[in-house]
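Structures are listed in the sections that come next.
Across the two complexes that follow, chain A remains constant while its partner is chain B and subsequently chain C.
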Partner chain A sequence: MPLRPRLLHPAAWWLWGLGLATAASRTTNPVVLLLVIGVCIVVVTERRDPATTNPLWGFLAIGAIIIAFRVVMTMLLGNGVHGETVLFTLPRVPLPEWASGIRLGGPVTLESLLYAVYDSLRLAAVLACLGAANALASPRRLLRYLPATLYDVGTAVVVGLTFAPQLVTDARAVRAARTLRGHEGTGARETARLAVPVLETAFERSLGLAASMESRGYGRTVHASTRDRRLASGLALVGLLGVLGGLYGLLDASAGGALGLPLLAVGAALAAASLVVGASRERRSGHRRDRWQWPETVTALAGAVPAVVLVAGSVRGWDGIIVTPAPGLPALPLPVVAAVLLAAVPAWLTPRPREEDR
Partner chain B sequence: MSSRPPETPVATALGATPTGSRRVIPLRWPAVVAVAVVGVVGLFAFIWPFVVPAEVAIAHGNDAPWFFAVLIALLAVVCLAEVSAGRLDAKTVAVLGVAAAAGGAMRLLSAGTAGLEPMFFVVIVAGRVLGPGVGFVSGALAVTTGALLTGGVGPWLPFQMVCAGGIGLGAGLLPVAAGSRAERWVVAAYALVTGLVFGLFMNLWFWPFLGANAPTGMGFVPGAPVSENLAHYALFYLATSLGWDLPRGVLNAVLVVVAGPALLRVFRRAARRAAFDAPVAFEPPSEQVRR
Partner chain C sequence: MITFDHVSVTYAGAPAPSLHDVTLEIPEGELVLVVGPTGSGKSTLLRTINGLVPHFSGGTLSGRVTVDGLDTARHRPRDLATVVGLVEQNPSTTFVTDVVEDEVAYGMETMGLDPTSIRRRVEETLDLFGLTPLRGRPLGALSGGQQQRAAIAALFAAGPRVLVLDEPTSALDPVAAEEVLASLHRIVHDLGVTVVLAEHRLERVVHHADRVVLVDGGHTSDLLDPAEAMLDSQIYPPVVGLSRLAGWAPTPLSIRDARRRASALRERLVEASSRSVPELRAVGPATALSVSDLRVVRAGRIVIDELDLGLEAGSVTTLMGRNGAGKSTLLGAIAAQHPVAKGRVRLGASSVDPHAVPPRERVRAVGLVPQQPELLLYADSVAAECVAADADFGAAPGTTAALLHRISGGIDGAQHPRDLSEGQRLELALAVILAGSPEVLLLDEPTRGLDYGAKHRLGEVLSGLAAEGTTILLATHDVELAAEVADRVVILADGEIVTDGKAREVLSASPAFAPQVTKVMLPQTWLTVAEVANAIGRSA
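Now for the complex of A and B:
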C-alpha cells in the first residue's frame, strides 16, 4: 500500500542521521565508510526535503577536500605511520635546525597514504551523515520543537532567517543605486558605506514588525511563573556545576575519577531538565503539524541499529572495525554491513515528500 | 505643573536616562554564573588536548571532540535560556533578529571566501551597544542563523556558538566610554585580536582528530608534555590557519575603523527607538485634564 505523500517528522531524520554518524565515527573500515556514504546518497536522492537546495553535495565536497588535503600533506610531510611498501620518493628538502622535527619530502609509503585516506574517510562519512540530515529535513523545521524556555530566542532566529535574504537584496539595491551615481569600487570603505543604509532599513522593518507583534499580544502563549523560573535557574546552575565537577573528576583521576562520568551525566540531565521546567507553552492548534507515526519510528530505528552494532563491535574489538593500513581489502564483518545497509530502509519505507512542495 | 515627576516615560524613551547605558538584557547573577561555567567548560573543550592525562587522551582521542560537541551544544542552549529567561520583549527579539540576520547575511555574501567573514563586526557592534547579555545571545544566534541559511549544521556549530557568543560578550565588557574618541580604536583592536583568537580556538576542536596522521611535528601526541604539544600546535596554526585568520582579523578591524562609528550610531538609535527599559507608570489624571 503506497503511503500518502507528506514530509516526515524532522526529528526522525535527525535521529537517523546522528545514529548513522555515530556508527561511522566508530570505524575506519573503508568499505563500511563508503557504504555509509552510499546509503546517505541513496536516501537523500529518494526522500530529499523539497525546500532545501540539497546541502549534501556541499558536505561531500568538504569531505573530499579533507581527504585530498590529508593525502597531499602526507605525501609532502609524512605522518607518524611507518610502512614497508615505498611507492615513490620525493626529493628531500633540507630544513634549518629549529624545524628539525619536520620532514619535507622523502619516501612515500603506501601504508601512510592508506592511513591518511582511511582516517579522513571516517570524518568525511560523518560529515555525509550530517549533510544528509540537513538535506532530508531542513534544520529550521526543528526550530518548532524548541522548548518553551527558548521560545523568544527561537523567534529571534526566525526573524533573522526571514530578514537575512532581504538584507542581501537590500545590499544589492543600495550597491546598484551607488553604481548609478558613479560611485564604484569594492573594499572595506564601500562595504562600510553599504552597511549603514542596509542596517537602518533592517531595523526600521524589524521594529515595525515588533510594534505590530506587541500590539497583537505576541508572546502571551508562553507561561513562566517566577517559581518555575527560579526552579529552572536552580536546576541549570546545579546541573552546570555538576558538569564542571564531572569534567574535573574525569581529568584528575586522584580526585575520584570513578565519580566523574556519573556526575557529568547527572549534571547534563539536570541542565537539560531546566529547559523543560522553565516555562510552559499554551496548547494551541498548529498549521500542518508534523505527526509521529510508524514510518518515523522505522527511520529512527534504522539509524539506531548501526550505531548500536558498531559501538558494540568497537567495544568488543571485532575484526575489521579498526583497520590497520595494509595493502589489500580489510576483513568485512557481516553484521556491520547488514546494519549499515539497514539504514537505507527509510529510502523506501517512508512517505514521499509532496510534489507540490517542490 | 510643579508636582510633575522629573522622569516621565517619554523622557526615558528619548534616551534621557541619567546613566546613559542601555543594557537591554541585564545579566542577573544566575546568568552570570551560567555564562562563567559555560566559559570554563567551553575553554576546556578547546584546550583539553594540552591538559588531559596520557591514558585518557589515548583512549578517547577520537570520541572527545564529538562528546564535547554534544556537551557544548547543551550548555550553550542552557546558557541562552538563562540569559534570556523570560525577559525578551518583542522589541528585544526584533533587535536580536536583525543582529542575527546581519550575521547570516554576511555568511551568505561571503560564502565564496571562506574565512573572510565580516560577521564578527556586527556581533561586536551589537555587544558594544546593547551590553554583554545581548552580545552573547546575538553572537550565538548570528552563527546559528548563518548555519541554518547555508545548511551547514555540523559538529563545528556548538563550538562556533560559544566562541562568537564570547566575542559579543567581551565587546560589551570593553572598558571604554561609549561614544568617546578612543572607542573606535579600542573596538578595532578588539576586532583584530578576536579575529585571530577565533581561528586559534576553532582549529583546536578538530586538531586532535588528526592524531598520528598530522604531518610529522604538527600533530597531537597523546601523553607528550604540554610544551611539545603546544609547539606542535603552534606549527600547525602557522602552517594552515594563520593565512585565513590574519586577513579576517584585519578585515574586521578595518571595517570597525571605517564604519564603526556610523554603525554604532545606527544601533544606538535603534536601541533608543525600541525604548528599552522605559518604565510604564500610570498617573492619576492631572487637574487640567479634569477641568
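Now for the complex of A and C:
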C-alpha cells in the first residue's frame, strides 16, 4: 500500500454534487428524488473523506425538518392546490375581512399534502447532494485550488464554504455540552436554544480561518499594479455574478429558463478569463496537488449526465418529471432513472480514500 | 527588526485603549518574552506585529509599527506573510487544510516556492517538530498539543524572519513544551530568527528569553533583562518565588542556577522537613468513582483499554500524561460524553451508572468542565447565564451567581460571556457546573490561558470544594497546579495507567513531571514555595 493513498480531486466531487443537485432541482418526481438521496448515501458510505466529520447526516436531518415543516404548514394554511380527496377537516378559524386571502384550518386534501411533500423533497434532495459533496471532499481541500487572484471574492467563499460543515460539527459539540447542563439536547425548544451559540461558534471559526489565511499570505499581491488587481477582481466578480444568475435561471425553471443558459455561459467565460489573467501572474506553487485523471473525469461526467438528462427532460416536458400530485405512483421515465443510477458509479470506480486510524 | 513608535490601539466601541503609547525596538535575532496578566493587551501587541490589528480586527491604531522596514499601515498581513509568522492562541481555528502535511506546505505554496524545495522543507520541518508519524492524520483528530506543534511547524516552514507566538506551550505536556521551546531556541540561535512570544507559564520559558517586556493595562515596559524583570514583576515563576524567599541575588531563572545557590536553604530545611511532614487531606473510602476494565473506542481507534481506577471521596486527583494519551477521552467517558465499548463506570455512594441515567439525573453525580468552557455558555450576559444555570439544575435562584462570586470575586454581570478573558470564562463555566452540586467534578485542562493569580484562585476553590466532600479529577499538564492541589497523581500513557500514587511521591520521582521547587530542592521533596515558606517560618 502506498504511503499516501490517492484521494479523488475535490473539484471532481463538487462537480458531481452540483450536477446531481441540478438534476434533483428539475424534478418533483418523488421516486427520482428518493433515488438521488439514495445515491448520495451510497457514494458517501463508500468513498467518504476520512478527514471530514460526515456532514451528510446533518444535511439529511435539515431536509427532513423542511419536509415536516411544509406538511404541517400545508395542513394549517393550505397551499392553493385544490384536490378531490379530502383526508380530514380541521376546524376552521374565522379570520377578519382584511385577511380573507388567508385560510386557517379547513379541509386537508391528499393532493395538497402530496404537493407539499414532493416540493420540499426536492429541496431535501438538493441539500443531500450538497451534504454529500461536503462529506466526499472537505471544502478546505477545495480551497487549496481556489485561485489567489480572487482574493476579495475568495475570502467570502472561504467563510461561506466552511460555514455549513463547521455548523454541523459545532452543533454536535454544543449538543454534547448541553447534556452537561442536564438537558437531553433534543426537541424543538432545545434546538431553538442551541441555534444562537452554534451559529456564533461556527461564524467565529470561519472568521478565524479567514484571518489565518490572510496572515499566512493567501492572496498576496501578485499583480504589478493596483489597476491590474482591480481589473482581475472586477472581472471575477462580474463573472461569478453571471454564473450565479445563470445557475439560478437553470435551477428555477419558473424564472426565465431561456435566459439561464446564455447567462451561465457568459458568466463562466468571464470567470475563466479572470482566472487565466490571474493564473498567468500567480506565483503560488503546489505541493502534492491532486491530479486530474480518468476517475476524476468519470466522476464529473457521472454528475453531469443526470443534470443534462433532467434539464432536457423538463424542457421537452417528458412525462413524470414534473408530477401532478395525485394518489398513486407517478410515471417513471426510464432514461431518468438510468441517469440518476449512473451517478452512483463513482462509488466503485474511484480510488478508496485512506482508511488509517484517525 | 520590529519597531513600535508611540503605538496606541483602541478597538471600536471600547471605552479605553487596549495599548497605550507603546514605544519599543526589538533587535534582530532576539527571543523576546511578553509577560502580563490576562487581558493586559498581550495578544493585541502581538497581533499588531503582522498587521492583523488593525487590518483584520478593526479599531484604530495610532503611531507606527514597522517590521523589517515595512510599515504595517501600508502593508497588509498577507504581504507581510514572508516576514512575519503568527501562531494564534487557539490553533484549531486557524488550520486552513485538513491534513498535517498539507498544512505545513500551505504557507510555502502561497509564497510560490518551487515544489522540490517545498518537499525538502516539509520533511525537515516534520522532523524538527516530531510530526513525521502524524503527517497523514486529519488535523481535527489530533490532540491539543499535537495541533499546537502542527501550527508552529506550518508557520515555521514558510521561513519567516520573525515568528510571533501567543501562548505556544499552554496546551502542551511538559516534555512536548520543552521540545517546542528547544526548537524555538535552535531557530533563534542558528538561523537568526526573531521570536516574540507571550506565555503565562513563565516556569517553562523565562530561562530561554533574551529580553522580557512587561505589559500591564496596555502599558509596556522597556526591553528588560529577564533577571531584572523578574525582580519586581508581579508575575513570576516558582523558582523566582523561591529566590525572593531565600534572598538570592542575582535572581536565578533556570533550575541549574537555582540549585547552585540552594545548598544553604536545603540544609536549613533538613531539620524542618523531618519534623513537619505536611499532613494529607482527610479522605473517604475509594467509592466516589470506580472505573473497571474500561475500553473506549473513538472513530474506530481504541483510545483507552483495560483501565481500572477508583477515587476516594473528597480527594483531588490529577490526571497527567503526554498529549493524546487519552485524558480527555477518559473524562468524557466518565461524564457519558463518549460511549463506552466495554467495562463499567460507577459514580458516588449510590453507584450511579452515568450511561444509564438521563442527563438531568447524571448532573447530580458528575459535572464536567470541558476544555473549551465557552461550549457551556449560551446566554448573552453573565447574569443571564447564571439565571439560566439555576433553572437548568433546579437550584435556588441566585445559587450560580453566588458561586461565581466566590470563585472569581467580581465579574461584571452585564458582560457578554464571549467578551470575557479566558480565565473568567473558565470561572463562569465552573460556577455553572457547580450549580448542579455534582458529587464528582471533572475538569479538562482548566489552566489554559490562566495567569498565576487566576490559577492560584482556582487551586483554592478546588481545595475548598474537596474539603466540603466533592471528589475532583482534573486532567492537566500544569505540574505547578498539580503540586498545589493534588492528593494523588495518575499518569496515563497510550490509554493505560502507568503510574498511580501520592502526589508528592509521583511528582518528585519523575523528572518530566516535577515542579520547579522540587527540582531545585531534590533530594528533599518540597512541592511549592508556600510549603517551603511555611517550613522556614516554623523552623525559625
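In this text, the second predicted complex is superposed on the first by the 219 of 358 C-alpha atoms of A that agree within 3 Å, B and C clash if a C-alpha of one lies under 4 Å from a C-alpha of the other, contacts with A are read in each partner's own complex, and residues count from 1 in each chain.
The working rule: a residue touches a chain if its C-beta (ideal position, glycine included) is under 8 Å from a C-beta of that chain, and two chains touch if they have at least 3 such contacts.
Values in this document were obtained by computation on a predicted structure and should not be read as measured data.
**Q** Could you look at A:Leu241 and tell me whether it touches chain B, chain C, both or neither (first, second, both, neither)?
**A** first
**Q** After superposition on the shared chain, which partner residues are touched by A:Val196: those of chain B (first), chain C (second), both, or neither?
**A** both
**Q** Once the shared chain is lined up, is A:Thr179 touching chain B (first), chain C (second), both, or neither of them?
**A** Second partner only, chain C.
**Q** Quick check on the superposed pair: does A:Arg140 touch chain B, chain C, both, or neither? Answer first, second, both or neither.
**A** both
**Q** For A:Ala271, select first, second, both or neither according to whether it touches chain B, chain C, the two together, or no partner.
**A** A:Ala271 sits against chain B, while chain C stays out of touch.
**Q** On the A-aligned overlay, A:Pro50 touches which partner chain: chain B = first, chain C = second, or both, or neither?
**A** second
**Q** Compare chain B and chain C by how many residues of chain A each one touches, and report the one with more.
**A** B
**Q** Once the structures are superposed on A, label A:Leu167 by its partner contacts, choosing first (chain B), second (chain C), both or neither.
**A** first
**Q** Counting only touches as set out at the top, which of chain B and chain C does A:Met213 meet: first, second, both, neither?
**A** A:Met213 contacts both chain B and chain C.
**Q** Quick check on my understanding: which residues of chain A belong to both its chain B contact set and its chain C contact set?
**A** Touching chain B and chain C on chain A: residues 52-53, 138, 140, 193, 196, 200, 209, 211, 213-214, 218-219.
**Q** For the complex, give me every residue of chain B touching chain A.
**A** That would be residues 30, 33-34, 37-38, 40-41, 44, 51-53, 56, 62-63, 66, 71, 74-75, 77-78, 80-82, 84-86, 88-105, 108-109, 118, 137, 141-142, 144-145, 147-155, 209, 211-219, 232, 235, 251, 254-255, 258-259, 262-263, 266-267, 269-270, 273-274 of chain B.
**Q** Report the residues of chain C in contact with chain A in the complex, numbered from low to high.
**A** 50, 52, 55-56, 76-82, 84-86, 88, 90, 93-99, 101-102, 105-115, 118-119, 122, 136-141, 154-155, 158, 299-301, 335-337, 358-360, 362-363, 367-368, 370, 372, 374-378, 389, 392-393, 418, 432-433, 436
**Q** Mind listing the chain A positions that touch chain B in their complex?
**A** 22, 25, 52-53, 55, 58-59, 70, 73-74, 76-81, 99, 101-103, 115-116, 119-120, 123, 126-127, 130-131, 133-135, 138-140, 147, 149-150, 152-153, 155-168, 171, 188-189, 191-193, 195-196, 199-200, 202-203, 206-207, 209-211, 213-214, 218-219, 224, 229, 232-233, 236-237, 239-241, 243-244, 247, 250-251, 253, 268, 271-272, 274-275, 278-279
**Q** Sort out for me which residues of chain A touch chain C in the complex.
**A** Per the touch definition, chain A meets chain C at residues 3-4, 49-53, 138, 140-141, 143-144, 148, 151, 173-174, 176-177, 179-185, 193-194, 196-197, 200-201, 204-205, 208-209, 211-221, 282-288, 354, 356-358.
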